[in-house]
Structure formats: structure tokens, C-alpha cells
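Read through the structures below before going on.
After this come two complexes, each holding subunit A, first together with subunit B and then together with subunit C.
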Partner chain A sequence: MEMMSTNGSTDEGLKSELGRQGIVVSSFNEIYNWGRRNSVWPMQFGLACCAIEMIATTMSRFDLARFGAEVFRPSPRQADLMIVSGTVTKKMAPQVVRLYNQMAEPKYVIAMGACAISGGPFKQGYNVLKGIDRYIPVDVHIPGCPPRPEALIHAFMTLQRQIDAQVLTGVARPRHLNASAPSEFPIPEFGDHDLLPSHNREVWKAPPGRSAGEPSE
Partner chain B sequence: MNGQYSALQFLSVFLVIATLFAIGPLIAAKLWASYFSPQKTGPIKNAAYECGVEATGDAWQQFRSEYYLYAIVFLIFDVETVFLMPFAVAFGKLTIGAFLAIAVFVLLLVEGLVWAWAKGVLEWK
Partner chain C sequence: MAILMESLTRRNHGQNAEIEIFTHEPASLDGELMEVSMGPQHPSTHGVFRMNVALDGETVVKLKPVFGYLHRNHEKIAEGASYLAAMPYTDRLDYFCSLSNNWAYALSVEALAGITVPERAEYIRVISAELTRLVNHSCLIGFLVQDMGASGTPLMYAFREREKILDLIESLTGARMMCNYMRFGGCRCDLPTGWLDEARKVVAEFPRFLDEYEALLSSNEVLLARTQKVGVLDAELAVNAGITGPMLRASGVNYDLRKVDRYGIYDRFSFRIPLGDHGDVYDRYMMRLLEMRESVTILEQALKSIPEGPVIDPKAKIRGFRPKPGEAYGRIESPKGELGFYLISDGSANPSRYRIRPPSLINLTVLEDMCLGHKIADVVIILGSIDIVLGEVDR
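Moving on, here comes the complex of A and B:
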């Protein structure tokens, strides 16, 4: 027997008691998230050396397929997860945002490695973006240079827990169920000296005491 | 005919069921998607190009006419060689007519070779 409620608030005590009697109770929300988290399709693209670790994660030794995420898609139209694996140069950043915009909803982003989360060792460089989270919303950040495959798997499990915690209704519902949420994030353009704008105000807030537009911070 | 049905009437029942079987899941999927996964489209998402640089110019370009030299040299050194092999194998059993036909074919290409040689096509530049 199966009972369903759409609001996602199942009484845990009642649930375990019914479970002991052989009755499975689940909410619609749980089944939806269960399916979603076990079939995340990452997008197949690598930006720098972190991509090698990402490839290693998918191979037999680490085997990302155990988590249902082995189907790397070469097209953003078929992908749910963007793993930003490596240095995002300012020349590459508009394409990354463009590809993110073209992914199907709901979509998630893992920023992999020091470069993708902050610019890493190239942070002082004139041509490296200081973190992809300036333009697109990042769900999980992984430090490391490069992170080990275990770290990527940990990030993926963290993402799975985040997907599990999603609710379909209410204020915190996912973006694709919120008609007023933006469908696309603005793509930066090449200015005279830097990308314009230097960050997306909706996504990224400058740390206190710093101006975000500073080219060499 | 009372209480009996013709074969066509039976078929029409199957047709209706088959149509519903085909269309029903499509409608269900559409309803499901509109409720649980409504489309979020935009000009970038609907763009034909995913990434990279958009193509410029026209694909209908003219080739340089000098390429006919490559065609002639290809005929002499590639196509002719393919025909020379069976010609050599069957040489002893050939009739006079067949020998003349092949000789004309080879001589035409040899003429082309002489012409290309005189024109300096074979020189490495």
C-alpha cells in the first residue's frame, strides 16, 4: 500500500512505525527527488587539469556510475549537471555561461578545484575569472588543486543530499517551478579591459570591504 | 446479420484502441511535464548553436580551376594503374579488338602524362 502527499511533510515516527508493519509510506516529493538524484547526467566538458581527475572519477577505479551519474552528455540540452572542472579563462567564461543557459531545468553546478571556485593560483592573472560563481549559481564548491576523484564523489554525494532536501512547493521550490525566476543568466561580454559586467549581482555578492569590479584584487 | 459483426467493425474497435494507446501516453507525458517540469525557455536556450563561433560567409564557393591538374595526374597514376594490372594478367588471351581498345585507353592517358610533364606539373615546387 502506498500513500502519497504532495507537500513533502511526512511524519517520520509514523512512517517508521508503519514500516515495521510492512506498509511503505512515501511522499510524492520523496519519489521525485529519489529519481532525480539517482539519474544526474553531467555535461561532458573539461576546462583544465581538473578534467583529468573528472575523467578518472568516471572510470572503473572510482566508478561514478555507482551514483547514477555515468552518462556524460556532449550536449547541454541533455545534461542536468555542469562540472566546471578547471580554470575558467575570461575568454572561456561567456561560453560556460552560455552552455549553462542551454541546459535543461532543473540544473546543478559543481565548481571543481581551486580555479573554478576562486581563480586558484591564477587569481592574480589578468585573464582568469576569479570563480565561476560570479556568473552562475554554484551548488557545490570543491577545493583542491586538483581535487582527488574521492573529492568529486564527495561533492556529488553532497549534491545528491541537496537534491533530496528540495521541496517542490513553497518559497524554496526549484527555479524551474517558479515562473518568476529567470530562465537565463546574462552572458558577460568582452570590454576594453575586462568582462562586462564583472559579475552577476543576482548570483554573487562582493565580499565586504572590496569592490567587485577591481581587476586586480 | 443480427448479433453478428463484420470484420471491419472489429477492426475499427482495434483501431480506436490502438490510437488511444499511442496518443494517451503522449498526452499524459505532456500534462506531467507542464505541471512538474514547465519549460523555461529563452533566446539563448532556443539558439541553434550551443557554443563556438557562428559561421560566416557562404558555403557556395568556387574552387580554383588549377585543381584540374590534380584530376589529370590522379587519373594517370592511380586509375590507370588499377586497369594495367588485369590488363597484364590477361595479356596472352586478348583478342586484337580488346588489345586495341586498351591501347587507345593507355595511349590517351600517356598523352596526358606527356602534356603534364611538358607543362612542368610533375616538378616539386
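Moving on, here comes the complex of A and C:
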């Protein structure tokens, strides 16, 4: 077996020498990340147009199964990855956050398409959320309307690289190994005119020079 | 459990006893109705659609659809934008068939402003709309059969064919799904070199896929058992509810806008309108297969006889387009039914009213009538056979 990752502390020369003799040396960190990044199960959850391209990615030509992600689970309890594929409306946003909360750690989010990352072409509408990253932490953003299947695959590989680079101990350890990091996020509620709160301060800050779109307190 | 025990003990007493048990009335077991909320996240609701279903055991006694999870303010945005700027939004209505949506919108603006379309552009429109119909129907059957439990194979075959057609559409328009291709008075650009030959090749190969599909599915025991006599929609209700498209024709009503309105140049092609007998899910499934065969004949004729010439009316104004005050309604037979755009112009650069008649939403109104008395598992199939796309239902 070839070593899939090089971020561990094992000596490369020693590793290849032992490999020739049929002995595999690895660190726990490497094996752990290698195993997890190759079986990320997405949630079967389509929102809008991008969902069709998400389905196309799993189908004959693009075949997401090559990356260990062909098992789409309809239940959030069994899924590791939420692909927010399409426009998140204000009616839908609480459900999306609730679904995210129901997923078990470790969990990841890919915001697919212009609508999911910013509201996209429908941003000026009164019922469209201007990006799902206002309420839940997003690991990979993909632009495009809709992104091509290749773009989704690229996002997926980016996520795999992120998982691979995780160090399991220390301050920078991932969220699911850190008991004090939140794994559930508050679900927004319907206010008189808009969702309340308009964003989650823990995960999103308004870009410099822009207001967050909520009345100042 | 009690019934099971009883049937086990009484099975020894001869055949008649068994029959008696299975026909016995459950009235004595009267219980409370169970309410189930299906959606908005549900693997078979084809998007973010939600149904509140009241169940007596497994039987549906009440079904209430909940809309609006994908309401994206399309009409309001289009009323604030110029006529041309609304074109990209029509792509995102029914995102399987962006080209036919483009056509319906272009048709209504052309009716509003009195613009003519060159002949080559008409042919390109027919070709692209029929290609879209092939994509839509083949994927629909894939999803429908997947809802019945055939996970994978039929849908994979459908998407394999879809990719071939999307390659054509991409080389023509530059985009796989959101084409934004039609313009008022024609199309945005001419066909690329060699496109017609490629298209002929794809169209010539398509019937083979249909044969394969039919051999796999049409007489499949499971498919017959799950679809025949399920979700029957009778012709009278279908007409009264304003149902259009393959759903109406599956109930036996001969109404196809390509024959009724003869918009574009559909009067030049010879094709038949398939009609159903029973109006059940199986007929609606069969309707899609037969329509694809007819689309292939239309495509063959159009690809053979497409003339040379301009693809857009040179007099059509792109910039500073302000139609005279008035109103117009343009409609086409989109793969899902009658797609119409109703526009009111007040002489300014943007429409003062912009209204869409979405076939998916109106076809969805008879969902409860079709589902009552069936099992909860049938609701999934009946919904699948309506062929909804939430972008169009909620807009």
C-alpha cells in the first residue's frame, strides 16, 4: 500500500524502505484522515437547479463514486457532507440549518452555486437568503450558475485536501474533536419582515464597508 | 400481530378460513388518523416540495400540498428588469428545459411587439425545443422508476443520454443548463460548424436507447404492478382542472398546442399525438416514451430541411427595446404542458405586469384527487408521474 498522505512525521526514506519489505508504517493521524476523506457520504438533498448538476455528477459520465462519495443518504443522521445545491429561500433556511444540526460530527458543507454562496441572480428578491454561510459554517464555496459537474468534483477534491491536512491534536484540531466547539447552530425564526437573526455572528461577519442587513442595536 | 396469529392458527382449517381473514373489514380497528409531513427534505419529492398527508393505516385520506420553499420572486424581479434581462431568469424556471422556456417568453414578447422570426431561427427553435423534450422525458422516467425502487440503472441510462444531448446544447449555446439562447426575433447565434451532423448522429442513435428502455421497463412485472390503476385521473376532471401536457393526453384528451396553435413552424412536420386510455401512472409513463419517439421524427425532419439564412431579424432591436402599450399572451407546449407568459406593456423598457402560467403548478392541483384511497407509497409515484420542477411551481 502506498502512503496517501505526507503530512505525518514519519521519515519518507524509512517508509519506502520498509514498504519494500511489505511493512506499512504510518501515523494514526494519516490513517484517520485517509479513511475519512475517502468515504465522505453526502446527503441526498437538492434545493434547486444545482441539484440536477449534483445528480449528474454522481451519474455515468462524471461518477463521483471514484472519490468514495457515491452513497447519498436521504437521512441527515447518516450523512457526512451537506451539499447546499441551489437557492436557499427564507422559508427554506430554517430547515437547512435544522438538517445541518441533525447531522452527526464530523460534518462538512459545500455551498454549490451562486445562489447558495450569495443569493446569486435572485439576490435582489425579497425571499432569497444571501448565502447559506450566514447561518452555518461552509467549508467549500463553488461559484457558477449552475457549476459544472467538474466544478463540484473540484470542490470535493478541495474538501478532501482539507480533511487530509487536519491535525488531530492541539489547538488547531478539527471541530469534532474539540468538545468546546459548537456542533449545532441556532435555527433562525420568522420575524415580522425577515428571518431573525439575520445572520449568526459566530460564523459570519459582514464584509468590510457593508452592513449586515440588520438594524443596528 | 393479533391478525397474524389468528391467520396462522386458522390456516389449518382449510382454504376458506384464510380467505375470510383477508377480506375482513378493518372497521372494528378504528383508530386515529396519522399525519405525516413529507418534505421539504425528502428523497422523492423532486425538490423542496412538501405534502401533509393524513393516513388511515397506510391509506391516504387527506393530502395537503405546501408550496413556497423555492419562491424566488421571478415575476417581481422581471417586472423591474428590462424585457431582455428577464430572459436569463426564464432559464431557471423549469431548469430541465431552459430552451423551451426561452421560446415561450420570446414568443410572447414577439406577439407584444409584432416581431417576425427568420425561417432558420424557427427551425433552430424547433430543434432545440425537441432536444429539450428528449432530455426532460428521459430523465423524468428515470426519476419515476427510481421512486419505485429501481435505484440507479434506469436513471443512469437516462443521464447518459442527457449528457450526449447536453454536449450538443453546450456547443450551440455555451451552457449546459442555463442557455439564455433565444432572442426576440430569433436566436442569439448561428449553429456552429458541423453541429447539424453531430445532432443527426445523436438523434439517429436515440431510438436505440428508447428500445433499450422499453425492453427493460415497459413490461416489467414490478412496474406494471405499481403503476397500473394507480393515480387515475379521468378526462373530465383533467379538463376542468386545466391540466395540460402529457398528463392530459394520458387521460385521453387530444390537446397538444403544437397541433392546436401550430406556433412556430410545427405545421410543416408530420407527427402524431399519442393518447392514453386509462389516465393512470402507467399511461403517463407510456406517454413520455411515445412522445420521445415523436420528437425524434420531428427532429429528423427538421434536421433534414433546415434552410440557410439569418438567425435573427436584423430589424429587431436589442438595446432600448420599448414595445408599444398593450398586452400579449404567448404559449408553447413545453415538455410539462402549456407554458405561457402573459405580458402587459405600458410603453416603458420593462413590463408593467409579467405573469407566468406554469404547467407544473397547475398539474399539481389534482394531486389530492389522484392520491385519495391509495397507499402512502403510491403518493410518491403519483407525484413523480406528474413531472414537477419546483423552480416552476414556486417561481
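One rule holds for everything that comes next: the second predicted complex is superposed on the first by the 189 of 217 C-alpha atoms of A that agree within 3 Å, B and C clash if a C-alpha of one lies under 4 Å from a C-alpha of the other, contacts with A are read in each partner's own complex, and residues count from 1 in each chain.
We take it that a residue touches a chain if its C-beta (ideal position, glycine included) is under 8 Å from a C-beta of that chain, and two chains touch if they have at least 3 such contacts.
Nothing here was measured: the structure is a model prediction, and the numbers come from that model.
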{"item": "Contacts of A:Thr87 with subunit B and subunit C, given as first, second, both or neither", "value": "second"}
{"item": "Partner chain(s) touched by A:Glu184 [first = subunit B, second = subunit C, both, neither]", "value": "first"}
{"item": "Partner chain in contact with A:Leu99 - subunit B first, subunit C second, else both or neither", "value": "both"}
{"item": "Broader residue contact with subunit A after superposition on the shared chain, subunit B or subunit C", "value": "C"}
{"item": "Which superposed partner A:Ile52 touches (first subunit B, second subunit C, both, neither)", "value": "second"}
{"item": "Subunit B versus subunit C as contact partner of A:Val128, first or second or both or neither", "value": "second"}
{"item": "Subunit B versus subunit C as contact partner of A:Ala65, first or second or both or neither", "value": "neither"}
{"item": "Subunit B and subunit C footprints on subunit A, overlapping residues", "value": "76, 95, 99"}
{"item": "Residues of subunit A that touch subunit C when the two form their complex", "value": "44-49, 51-53, 55-56, 59-61, 74, 76, 86-87, 89, 91-92, 95, 99, 121-122, 124-128, 145-146, 148"}
{"item": "Interface residues, subunit C side, partner subunit A - complex", "value": "40-43, 47-48, 68-74, 76-77, 80, 88-89, 92, 95-96, 155-157, 159-160, 162-163, 176-178, 390-391"}
{"item": "Of subunit B, residues touching subunit A in the complex", "value": "36-38, 40-45, 47, 50-52"}
{"item": "Complex contact set, residues of subunit A against subunit B", "value": "32, 75-77, 95, 98-99, 101-102, 105-106, 168, 175-177, 179, 181, 183-184, 187"}
